[in-house]
Every structure is written in C-alpha cells, then in structure tokens.
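Across the two complexes that follow, subunit A remains constant while its partner is subunit B and subsequently subunit C.
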Partner chain A sequence: MSSQQKFVAALLNAELPPPAGLLTWNGSDPAARFAVYRNNVQVSLVNALADTFPVTQALVGEAFFRAMAQLYVKAEPPRSRVLAFYGVSFARFIEQFPPAATVPYLADVARLEMQRVHAYHATDALALSADSIAQVLTDGENLPRLQIQFHPALSLLKSPYAVVSLWAAHQGIADISTIDPYTPETALVIRPQLEVEAIRLHASAGDFVAQLLQGATLGMAMEQTSRDHQDFDLTAILGLLIRSQTILSMHL
Partner chain B sequence: MMPLHTPVSPPRGASTQTTTLPLRAGVGLKPEHFRQIVETWPDLGFFEIHAENYMVGGGTFHHYLTRIRERYPLSIHGVGLSIGAETALDLTHLKQLSALIERYAPQSFSEHLAWSSHGEVFLNDLLPVPYTAQTLQRVCEHIDQVQSHLKRRMLLENPATYIEFSASSMTETEFINEILRRTGCGLLLDVNNVYISCINHHRDAHDYIRALPPQAVGEIHLAGFAQEQDANGDPLLIDSHGTPVAQAVWQLYAFALKQIGTAPTLLERDNDIPTFDVLFAESQLAERLLQVHSVQASKA
Partner chain C sequence: MLKQTTATALAMALGAALTVVAVPAVAAADGEKCFGVALKGKNDCAGAGTSCAGSSKTDYQADAWKLVPTGTCEKTASKTSATGYGQLAAFKANSK
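Let's turn to the complex of A and B:
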C-alpha cells in the first residue's frame, strides 16, 4: 500500500490506527490530530447528503439519518469531485438498510429528492413555444408518428408510496396527518424557469410520459395508455407538458 | 540528486501576470446571497467561487454567476484538483475546469497544496503532503500539467495542517518557495492557514511570512477557525471557515501587507453563513487595511 492509500484507509475506517510516520511538535498522540481529518471527511460528506436529502432526514430524524449516512459514506465514498450529485445510489442503499425497513417509503422519497437536485442543476434548454406546438398539433396526419424530446430537467418517479405528498408536507404545503403514505403516486419533476417543481400525475398520465421518455411515438403512447387506462385524459397531460415548458422538440 | 525539472514556459498569449484581480477586498459567492447581490450590486472588488460547485449543466448557479460576472471580476478557486495526490490528475476534472474557465474568463485561478482524492475516491478534504524531494517533484509535475492545460498561470494556496510527517526533509516555506521557482506559479497566501499551521506546529507566523517571496503573492485569503485541543491539551486550530476572522489573524494580515505589500484579499466563509450584509461589512475591514497600506506604500 502506498502512503496515501494507508492514509485513506485510516480516514474511512475509524477502527484503524492512524498511518505511521505522523509527527506532533509536543509529542502528543497523533491520533487526536489525525481524527480532525477523519472528522472533516465524514462530517462534510454526511452534510453533503443532508443538503441533498432534507425530507429523507426529516422522516427519520437527524440522528438516524446521520448514522445511516455515515455507513453509506464508508461503503460508497464519492467517485466525483462534484458533490452536488453525491448520493445517486443512496436510495438503493436505504432499501437494503435493514433498520430503515420500518419506513418503506423512505427510499422513494430519497429518489425524488435526488431527481430534484438533478433538475435544479440540469442544462438550460429552450422549450418550444406554445404557438409552435399548436401548429405541430394541427398536422393530424403526422401527429401520431411524432416523438417528443423533453427538457433535460424533466424526470418521472412512479412510486407505490405517496412521495409527492410526503415531500410537500415537509415544505408546509400539505398537512402530514392527512396523508396516507401507502397511496401510490407518480411524480413529474420539472424546472420551468429556475425553480424545481414536483407535480403529482394521474397514473395514466405517468404511464403516458414514461412511454414518451422511452422513445415511443405520440401515437404509440396514446394507444397503449388508452388501452391500459379507461380514464386517460390526453388533453390534460399535453396541456401540462406544454404549459410547464418541458417540450424541446416534436420530430418524426 | 533530484531529477532535473524543467519549468513550464507560459504558453504564448497567456497572461504571465500573477493576477489581474483588483487590489481590493472580495467575498466568496454563496447561493444564499445570489438574489441580494443582483438586486443591490454591492461595491465589492471581486467575487470568488469554488470551481466544483459550478461544474453542473445549468440552472440557478449559472444563471446568477453569469449575471454577477458581467459586473465583477472573478476568482475561480478549485478544491478538487488534488495536486498533491500520488495518483495522476483526473483529466475529466481538468477538462471540466478548463471549460468553466473558458466560460467565465476569471481574473484568477487558484488551487491548494494538498490532496483530496486517491484514485477515483474523492474525500472532500484538503489533506497534507510530506515535504520531501519526491513530493516536490510530483507536485511540480501536476502544476506544470495544470498550467499547460489551462494555458494560464495558477496560484497555489498554502495549507492549514494538523499533523506533520517524519519523512519531511524541508520546511513548508522551503517547499513552497521551490514550487514557485520551478513551476512559475504564484502564491495564494492564506493568512488564516499560516496562523493555524503555526499554532498547530508551534512555529512563528511572522517568520513564515518573511520566508515567502513577496512578488509571488497574487491573492490573500482571510477566514475564521475553530479551536480545539490536542491529546496534550495544547491548542489545535481547525480551518473551519465558520466564524468571523480572529483578531490575531487580522494582526497577521496587517503584518503581511507591510511585509509583502498589498494583494487582492478574499474573505472566505463556507459554514454558518451569515447574511450578506454581515459578510460585506467584514470584508470592508480588509478593504480599509488595503487602502491604508497602499497609501503608506506610495508615500514610502
């Protein structure tokens, strides 16, 4: 092991002694000083996760969250120097973390929070104007064959839990006592200007957008969604997608 | 004998000046303050950003930085290049840095005499290096690579450290002087770091500053520290950037201005971030000291 490799091993594992060859001017135990580095690494990375996952933290409390985050930091330290996106695999870690099993919706709330961060920092892109879209929509012949390119900030989360409502309750938007966490919800994450929004979609609208995201044509997505959902409201979801400036292009 | 090391010659067209930041005080740009800044356009010398925070595609951060850059000089300060690492520089990161510098054309780019990653793993802390011939060689190679890639001169910041290495064969200032001489990079003198390291390793902070080449200093950093104790109960200062600048650091700053001359001065605050007005007021203490020392220097 190289000397920095030993340094890293000891940083990430508090049970290991500090690396050899450390000096202190007063002959004091270098372990106490090395602990400053260990603490900086741990605390700053746990803080980075707390910044990204505030509602996840609120759902389990700070002490539980930080203990769980510490284990995650040890198991999966960042692989990028851009910490904004640290924690992409945190939701999966939560799913496999036995003490969190009593809060089954925790992982999906974490997923939603990560998607919000991605949307917040996503590349800027100019949406098609409502007028241009209206023009495209009048071309009845080609319409079913069109594919839609969405804004890079847009993403979807289909959950067996009430992720959007749980998130909203922690912003003071909704009353937590009225929420049944076990109600399935689909979240549409968008960023019309600079502010990120998570909108609760009807299950049929969620399936429709999911198919478009996978590259289905409008015709295919409409047909499939109508077959699966008798209550599918095409006009409503298209109106929402247009109003919230999520459509970059509609092309053959 | 150490292997010979050829300093990189500045690429044609690149600035050979240490910095073109104004001789004024600046503050670290924080997202919490974006709105107030673009609503009030405070009279400040410059802003500084951490490069890694802006290595994202778009959104709020770029929206505000673009507007702020139109009105203020900018310093880009990297915290993730890991110049002191045993492993090679991360080329993807270097390219992202290059793109950011191209986009915002900052007056200054600086990084740390430290390492923060090992291979792929990023540790998000500025870790110390032993001051040996071998480390010197590696750090100089990395700085050459950065300066060649970015086609500009960089500033290197002196570290705040909590431990020393028995392997070190030279002092920190000897090590830094040699880097400056070999690579032609400039020095970002972090006065808070000087104070912290000198308390932590029982050295004289004035001697430390006297040992540095005044003409190499392109920028000064000021920040606050936290105080703890080591295993013997002696003070151990932590570079926390979470409190106002300590009185002792202001005094050392005044000494540095007298000793090395004036340089653009940044007030750093990265934790427990106060309102913009509080940060601005503190930066004006540095601005006044800069003015006093500029006047004294011009009279001398």
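Let's turn to the complex of A and C:
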C-alpha cells in the first residue's frame, strides 16, 4: 500500500491508527489532530449527500439518514473531485441496506433526486422549434423511420413506487397523506427554461420514451407501445416532449 | 400496409401535438441569455465546457450568463463589458 492509500484508509476507518510520520506544529498528539481531520472529511461528505438527497432524508428522518450516509461514505468514498455528483451509487446502496428494507421506495426516491442533479448540470442544448418539427412532417413517408435525439438533461425513471408524488409531497405541491407509495409511477426528468422538473408520465408514455431513448425509431416505438397499451395517447406525449423542448433532432 | 398506417397515425399525432404546442412556445421565448451581468455564484449557466448554475467565480463574469426578460440585457449594467452593459454573447472582459 502506498503512503497515500494508507492515509485514505485511515481517513475512512477510525479503528486504524493514524498514518505514520505525522507531525504537529505544537507537539500535540498527532492522532487527536488526525481525528479532527477525519471527522471533518466524513461530516462534509455526509452533508453533501444531505444536500443532494433532501427528500430521501425527509422520508426517514435526519438521524437515520446521517447514520446511513456515514456508512455509505466509508463504503464508497468519492471517486471524482466533483462533489455535486457524489452519491451516484447511493440508491443502490440504500437498496441493499437492511435497515431501510421497511421503506422499499426510498432507493427510487434517491434515484429521482440524483437524476434531478444530473439534469440541473447537463449541458445546454437548443431544441428543435415547432416550425422545424412541422418541416419534418412534410416528409410523412419517412416519419416512422426517424430516431429522436433528446436533450441531455432528459432522463426517465420507471418505478414500482409513487416516486414523483412522494417527491412532490415534500415540495408542498401534493398532500402526503393522500399518496399511496405503492402505486407505480414513471418519472420524466427534464429541464425546460432552465428549471428542473419531474413529470409523472402515464405508463404507456413512459414505455414509449424508454424505447426512443434506446434508439428505437418512431414507428417501432409507436407500434410496440400501442400493442402493449390499449390506452396509449401518442399525441399527448409528443406534445409534452415538444412543449418542454426536449427534442434536439429527428433523424434517419 | 402496416407501415402506411403507422406513417399516417404518426403524422396525425405529430400534427395534432404541434397545434397544441403552438401557443405556449411563443410565451416560452420570453427571456434572453445575458452575459456579464450575474454576480458571483448567481449565474444561471455559462459558456460551453464549464459547469453550470451558480458556478461563476467573479461578479459580472464575461462568459457566465443569467436569463433575463427579453430586451433588458443590453440595458443592464456590467462592469466587465466594453459597452458598459450586458451582452447577448460571451465576451472578453475589460482588463481593468
């Protein structure tokens, strides 16, 4: 182990002795000084997670959240200098964290919060105007063969739980007492006008967008979704995608 | 034959979607990106290749922008801009 690896190991595990060769300016015990530093590192990372996952924290309370976050920090310290994206694997950690098993929807709420952060920081991109889309329409023959390129801020989350409603309830948008967390919901995360939004999609619309994201053509996605869902409303989802400026190009 | 009905259905749905969209699309254009007017850390975003909101390091940073009502950008004071006001594209700051 290199001296840096030893330093990091001791930083994350309070049971390890401080790294060898530490000096203090006033001759005080290096172990005590190192413990202060270790504590600052861990607390700042837990704080970063609390900033990114406020609804996840609200759902289980601060004490539970911070205890869980502390274990995560030790298990998966940051791999990047960008603190904004720290916690990409937090949802997966929550899924496998036995004490959180009684709140099975917690991991997906965390997933939604992380997707919002990614949407917030995604690159700017200019959406196709309604005029350019009308232009595409003039070549109707080719329409089924077109693929859609979406805005980099767009992402989808299909959950067996009411993720969008649970999140909204913590923004004062919905009343939490009326929400059944076990209702499946699909979230569409977008950033129209620089404002991140999570919109609840009809299951059929969610399947349609998921196929397009995987590179299916409009024709394939439409036919498959219509087969799977009697109630698929193609006009509604296309309208939403255009209105929220998510379509960057429609191409062969 | 299926291909033809798919094409028709798609064209109709897209056409209908566009008529629904027409109105809000106009309202959505109400704003312009204004460079050089945001105070430190208060920008909405910045030029290519940088991180985004809240990332500007200095007041009136020349390549960081804020969304402002259309028409007001070039009337907003900017200490870094050669014109003395915000600009609609990233610019090189005055060296003073």
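As a convention for this text, the second predicted complex is superposed on the first by the 243 of 252 C-alpha atoms of A that agree within 3 Å, B and C clash if a C-alpha of one lies under 4 Å from a C-alpha of the other, contacts with A are read in each partner's own complex, and residues count from 1 in each chain.
Following the convention adopted for this analysis, a residue touches a chain if its C-beta (ideal position, glycine included) is under 8 Å from a C-beta of that chain, and two chains touch if they have at least 3 such contacts.
Keep in mind that what you see is a predicted model, and the values were worked out from it rather than measured.
Engineer: Fit or clash for subunit B plus subunit C once both are placed on subunit A?
Structural biologist: These partners clash in the superposed model.
Engineer: Using the superposition described at the top, determine whether subunit B or subunit C touches more residues of subunit A.
Structural biologist: B
Engineer: Counting only touches as set out at the top, which of subunit B and subunit C does A:120 meet: first, second, both, neither?
Structural biologist: A:120: touches subunit B and subunit C.
Engineer: Considering only the touch criterion stated at the top, classify A:176 as touching first (subunit B), second (subunit C), both, or neither.
Structural biologist: neither
Engineer: In the overlaid three-chain picture, which partner chain does A:88 touch, first (subunit B) or second (subunit C), both, or neither?
Structural biologist: neither
Engineer: Which partner does A:67 reach: the first (subunit B), the second (subunit C), both, or neither?
Structural biologist: A:67 sits against neither subunit B nor subunit C.
Engineer: Using the touch definition from the top, say if A:137 reaches subunit B (first), subunit C (second), both or neither.
Structural biologist: second
Engineer: According to the stated criteria, A:242 is in contact with first (subunit B), second (subunit C), both, or neither; which is it?
Structural biologist: In the superposed model, A:242 contacts subunit C only, not subunit B.
Engineer: Check whether A:210 is in contact with subunit B, with subunit C, with both or with neither, and answer first, second, both or neither.
Structural biologist: Neither partner.
Engineer: State whether A:218 touches subunit B only (first), subunit C only (second), both chains, or neither.
Structural biologist: After superposing on A, A:218 lies in contact with subunit C but is clear of subunit B.
Engineer: According to the stated criteria, A:194 is in contact with first (subunit B), second (subunit C), both, or neither; which is it?
Structural biologist: both
Engineer: When the complexes are fitted on the C-alpha atoms of A, one of 62-70, 134-142 or 206-214 in subunit B overlaps subunit C. Which is it?
Structural biologist: 62-70
Engineer: Which subunit A residues are contacted by subunit C in one complex and by subunit B in the other?
Structural biologist: On subunit A, the overlap between the subunit B and subunit C contacts is residues 82, 84, 120-124, 194.
Engineer: Which bits of subunit A are touching subunit B when the two form their complex?
Structural biologist: Those in contact with subunit B are residues 2-5, 7-8, 11, 21-34, 36-37, 40-41, 44-45, 48, 77-84, 119-125, 152-153, 191, 194.
Engineer: Considering only the defined contacts, which subunit B positions touch subunit A in the complex?
Structural biologist: So the residues of subunit B touching subunit A come out as 52-53, 55-63, 79-82, 85-87, 90, 93, 96, 115-118, 120-125, 127, 130, 162-168, 200-202, 228, 230-232, 234, 236, 238.
Engineer: Subunit C touches which residues of subunit A in the complex?
Structural biologist: 82, 84, 120-124, 129-130, 133-134, 136-137, 140-141, 143-144, 192-194, 218-219, 222-223, 234-236, 238-239, 242-243, 245
Engineer: Residues of subunit C touching subunit A in their complex?
Structural biologist: Its residues touching subunit A are 2-3, 6-11, 13-18, 20-22, 24-25, 28, 31, 44-45, 48, 51-53, 67.
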